[in-house]
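In the two complexes below, chain A is the common chain; its partner is chain B in one and chain C in the other.
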Partner chain A sequence: MMLRTVLRNEWRLLRADRALALVLGVFALLFAYALSNGLAWVDFQEETLAAAREGNAERVGNLEAELQRIADGGQPSSPFRDPRSPSVLGGAPGAQTAVLDPGPLTALAVGQSDLLPYYYDVSIRTNESTFLQNGEIENPLNLLVGRFDLAFVVVYLLPLLILALSFNVLSGEREQGTLALTLAQPVSARGVVGAKLAFRAILVMGLALGVSLLGVLFSGGFGSPGRVALWCATVAAYALFWFTLAAWVNGLGRSSAWNATVLVGAWLLLVVVLPAGVNITAGLLHPLPSRVEMITAQREASNEAVNQRSELLARYLEDHPELAGGVAADEANRAALAWAATDAVNRRLEEVTSVHDERLGAQRTLVRRYRFLSPALLTQEALLDAAGTGDARFARFQSQVREFSERWQTFFVPAILTGELMSVDVLPTLPSFRFVDEQVQEVRARAVIPLAALGGLLVLVGAGAVVRLRRVTGP
Partner chain B sequence: MIRHIVRKEFTDLLRDGRFRWCAAIVGVLLLVSLGSGLVETRRAEAAHTAARETARDHWESQGEKNPHSAAHYGIYAFKPRLPLSFLDQGVDPYTGTSVWLEAHRQNDFLMRPAQDATAGQRLGALTAAQVLQYLVPLLIILLAFGALAGEREQGTLRQLLATGISRRDLALGKAFGVAGALALLLIPAAIVGSAAITLGSPGPAATPFARGTVLAAGYLAYFAVFVALSLAVSAWVRSARTALVALLGVWVLNGLVAPRVAVDLSKSLHPTPSAVEFARTMEREISTGVPGIERPDRDETTARLLAEHGVETVDDLPLNAVGVYLQESEEFANQIFDRNYGALWNRFERQGVVHEALSVAAPLLAVRTLSMGLAGTDVEQHRHFATAAEEYRRDLMRRMNGDLAENSRAGETYLATEDTWAQVPPFQYDAPSLGWVLQNRALSLAMLGLWLVGAFLVAGSLVRRAEVA
Partner chain C sequence: MSTEAVLDTPATGEAPPIPVRAAELEDPILEARSLVKRYGDIEAVAGLDLSIQPGEVYCLLGPNGAGKTTTIHLFLGFIEPDSGRVRVSGFDVAQNALDARRRLAYVPEQVMLYRNLSGLENLQYFAALGGRETLSSERLTEILVDVGLPLPAVGRRVAEYSKGMRQKVGIAIAVAKDAEALLLDEPTSGLDPKASREFSELIETLRGRGVAVLMATHDLFRAKESGTRIGIMRHGRLVTELSTGEIGHADLERIYLDHMQE
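Presenting the complex of A and B:
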């Protein structure tokens, strides 16, 4: 009964306060700007993928037409690009584009999607060096700064809005002399602070979640309600963390000015300094291995391979006796020799990559441990994961592309070795790529760790707030 | 009189526990970031030097080969780290580190270090530049927000002015006091920085001291802007608290909001093509040519050569027509590359101008661009290196095709000896001069100057009108 009075009173106060209305208005604009950027990025990605798919269809169409023409008695347009040859049809001229559609909530968080490749042309030439390629064309300066998307507004700016609204919920009453009056009513300080903060939390979260859902609506992301729920839970947990922090600081019984300084200091430390500090420590203690040595290894492997093609072919056929039917090492065709060399280079590259990836994985595990130091890092991770623009989904895409390229090779290599010619009938039987997206359970299982850590922090700070507020009896 | 004010302010700040703590934290972060930057730069440069030597070794020891096979084999170029890059890694993690220089193609730079890092690492690493651009201004705000507003609140402003000191002198005194306190932090950092430069950070010579001096001057101007702004706000608003809130608002706009607004604004003003579109356009132009850039025809080249030398058959030619034709196709492709890559680079630069122009609202954008420019880690210097590498590739191809044309005849199997490879001069990169960088960064310099003058004018006028109580 009393709390409802407090809430109604707060609503009247907020409505009367011009400055606050202005701040809320500015934030609404920032949210809208962030959302429009995210939506524009999704559009760009979708157009790009449409162009990539179209290019792929055109390539297949041309090959089909040429194969048909040859079947009808025509001549190949170039002896080096005869599509009947499996090393041409399976090579770059017949490459298949493997695409990763934008994450379901990319409009909310651009994440890693501006940096990591989201399509690859897969052919028998695909090997580990394919995965070194750059992603989308992007100004490195823009990559460095990062996008103004909803995830940025939530992680960096939302706490500031929360702190501006709640740094003086209790101290302000005391300074105005109204605290004694309020506490003379049958309510506790805890109840008053709780009600005032709950009111503000409804406003702020209503704004943040409302804009998020609007973004989901515009970009058609409701197809994965699990991700939307995860996003909303993360935003809510992060916002609540800052509200409880404000409650705790208010419970310390200092002046509004002191509260403001401490809270802004906490924001700086947790959002700006700690993530940067964490990164520099991680980089210093666990430097990421350089990729440069991969180039050297690749060169050395291909030098050797070129010089010993026929030996390599013999060795290859010994390793793969099932493919040897019909090929005698001494009467090998040029394509078979070339394949043996390619394969040797690929194997060497895989060795180097696996060593590199192992080291990279170890470093990353160490680096990721530091994220527990900052709620901003935890929140960013959970938000990107929910949006489908975090590291995990891209790693999944890459591993599926790798698997697909193996299937592609398995399809063409036997024909290369036997020198068999392909016809137009083979086109419908080619392996094809479809990205199998993460199950919501998987995303949830990953997000449990950062969310639990965030929740733990929330409980800790909340308990502190409750204890301090219980002691507040009056001015 | 000013001297007394300066001394009082300085002593006050030194005695203030809050300042001591903040300054200690910023100081430690600055030293750590300098040290880690140096370690990281040296590590990267050592790896690249080794790779460069290996790459050259591969080139020289490729054995007897047809020059065109050697051209296809090509050579890798590795981007060097410039001496000052330990201060500001700039866009380096987001540009590739190496490029394959081969026949027929201008390749992209591959292996961006950021692609191996996690999403969390994109929230920013603490480089010396970051500390100077973000944390030092914050320290200045903490030092100066109460300079006038605090005196006013305590009622001591009236007393001070009663001593006959002008408001201007009072404000100047406060400014110098803050500057003195900051100097305690910045001078050691500057010494460590110059020691690091002297000790020899790696990379091609690029007048590191001159660059470092301009860099230091740029940062000092940036700090002066914040001192003036803080005093202006402190003179303008009633309470110290409002001054702090307003200044923190400026800091958030300057450091967090404006840079990201610039990203999306630059992208919508100057959109870049998608990689698919870019590759397709280039492929199409290479296969058909464009008006004014015609694709050479092998038969036409041969016919022309026959006519020039007045002979009937290719066997009578004093050179190999294939070599001439290959070189002509190289030159044709080069024009297509220049057209497409040139347009892309120009887009990037125009996007960069949007970032610089927005510094009208946020001085950080000006000082950041200047800092990256002087450290040699901006987009323009990446382009400078990419252009040098491409020039080297073109020279290499000219030499290979020339060798083929001169030393072989049509139809024969020609293998060049190892000497041919050794005769190709190694790739030597000279970093651009200081003048080149400053010319590129003229807009940032002007903006920073504008901010300096503007902030001081505004501070002067607000201080003169500052109310006593």
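Presenting the complex of A and C:
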């Protein structure tokens, strides 16, 4: 009964207070803008992928037509681009486009999908450097600050809205003098504060979850109810954390100005300083090798390989004796020599990129270890994972592309070494790529840890709030 | 000073145990025993014993800092006593604050309301919090008008109210609660003479219904007019208790001033 009474009164107060209505209106606009940004990004990504697929189909179509023409007695259009040659059919002219479709909730959280490649043209030239490049050109400032998407609004701005609505939930009553009449009634300060915060939580979560569900609706993400539920649970837990923090600070019995200062300080510390500190520490302790170093290594290996092609081919065949039968290790088999050089460059690159991968792994381990310091880090991780734009899904995509690249090379390299010519009949037997997406159970299993940690923080702060508010018996 | 009785109130000491709910119907509605409240070295209430029966209007007189408001806050459970017990309708305030408050209505010296809401909306809110959520808007409007708020002001924002109008809304909140006991802290502060007179009549009505009233005031005239008993407090102690039926205004003023000069 008390809850209903307070909710009704809070609604009246909200309607009567233009400033509060204005704050809510501004945030509703921010949410809408963030959603439209996310939807625009998904449109862009889908258009890009459609163009990439179209280019791939056109490429394969041209090769097929030329192979058919040759089979019918025609001549290759160029002796250097004879599609029967396995190094042409398996190389750039016949490259297969491996595509990662947008995650089910990408419209809500762009994450690193604007930074990490979401398609690769896989050929026998694909090597480690392929995975370190992004084919799309993007405004570096956009990449630096990240997209203004719903995940950004939830992680960074939602706490500010919650604090703006809740910093004086009890101190304001005390300062305007209404607490005396309130606590003269058979209600506890804890109950009143809880009911007032419940009203704000309904508003804020209604806004955040409502816009999220609209985004899911517009982007067709209801096909992944598990991810939607995970998103909603994360948003709710994060919002409740800030509400309980506001309750706890109010329970300390200080002025509204003091509450505001402390809560904004907490926001700065937990949302800005700690995450930045963890990232900077990770970068300092495990610095990534420079790209210049990597490119230089690639060039040096490439030059060296070109100069020693015959030796490299002999060494390659020593390593792969099963391919040695029928291979002519002389200048006449240029394709075989070229492949030996490519393989040598790839090995050298693997050495360099393994250092990069190792340090990146160390950085991620460190960030994972210290993410528990900040609810913002935990929330961001869970939201990106729910949206399918987190590290895990990209790593899965790259891993499958690597595996596909190996299958592609395994298919073509023996033919390159033996100088075998291919026909149009080989096209249906070519390896193909289809991304096998992660199951929602895997996502859920990963999300348990950040969500449990967020829940733990919530319980801890909530217990503090209850203890403090129990002590408030008078104005 | 025929009925004057100086109370022998111990300054400190453990109060005897009190059951949570008293059994006898004739028990006082408001009762304090050996009540002590200290703020640092200062004893705001120093061993107060007080007992107010149904239909009794007890006026606490005393200078600023005498402990009147602290006594009221102790009855409301806003603050905890250092020792002693406070009971409302038999409920120990320390153990059952909410049960005690359910039986209490309170009008503070400065009635502060939600400025952006109307007087009626404020009354609806506080009445509902007090357990009277079933009262209709019409009935609440009647109560507001009965305590002297002009009808056109009922729906206006409280931000436009004078102090006296806010005070009337505070009194209306107390009336709407229909409580067994009424705690009044300088309730006529800010009221004009006519409203003060109406307030006295209201107190008389409530007294007739068996409500126990504890009123802290500086207003000797109002205390004499409305009260059935008067207690004079000084330095946290109840130094004198008088029955208003047996003294005149002049006697009261003289007794009061005598005690203030001691």
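Couple of notes before you dig in:
The rule is simple: the second predicted complex is superposed on the first by the 452 of 475 C-alpha atoms of A that agree within 3 Å, B and C clash if a C-alpha of one lies under 4 Å from a C-alpha of the other, contacts with A are read in each partner's own complex, and residues count from 1 in each chain.
The rule is short, and it goes like this: a contact is a pair of C-beta atoms (placed from the backbone, for glycine too) under 8 Å apart; a residue touches a chain by one contact, two chains touch by 3 or more.
Just so it is clear, the structure is predicted and the values come from calculations on it, not from any experiment.
By the touch criterion defined above, A:D17 reaches chain C but does not reach chain B.
Once chain A of one complex is fitted onto chain A of the other, the partner contacts of A:E293 are limited to chain B, with no touch recorded for chain C.
In the superposition on chain A, A:T5 makes contact with chain C only, not with chain B. Applying the stated contact rule after C-alpha superposition, one finds that A:T130 touches neither chain B nor chain C. Once the two complexes are overlaid on the shared chain, A:S113 sits clear of chain B and of chain C alike. Looking at the superposed arrangement, the partner reaching more residues of chain A, out of chain B and chain C, is B.
By the document's definition of touching, of the two partners only chain B reaches A:R371; chain C does not.
In the superposition on chain A, A:S85 makes contact with neither chain B nor chain C. Contacts of A:P186 after superposition: chain C is touched, whereas chain B is not reached. On the chain A side of its complex with chain C, the touching residues are 1-2, 5-6, 8-9, 12-13, 16-17, 176-178, 180-188, 473-475. Note for the complex: chain B touches chain A at residues 29, 32-33, 36, 39-40, 43-44, 47-48, 51, 54-55, 58, 62, 76, 78, 90-91, 93-98, 108-127, 130, 134-135, 138, 240-241, 244-245, 248, 252, 256-257, 259-264, 266-268, 272-278, 280, 344, 347-348, 351-352, 355, 378-379, 382. Residues 30, 33, 37, 40, 44, 47-48, 51-52, 55, 111-112, 115-116, 119, 132-148, 152, 156-157, 160, 256-257, 260-261, 264, 268, 272-273, 275-280, 282-284, 287-288, 290-296, 299-300, 303, 360, 364, 367-368, 371, 376-377, 380-381, 384, 390-391 of chain A touch chain B in their complex. For chain C in complex with chain A, the residues that touch the partner chain are 73, 76-80, 97-99, 101-102, 104-106, 108, 110-117, 121, 125-126, 128-131, 133, 157, 170, 173, 177, 183.
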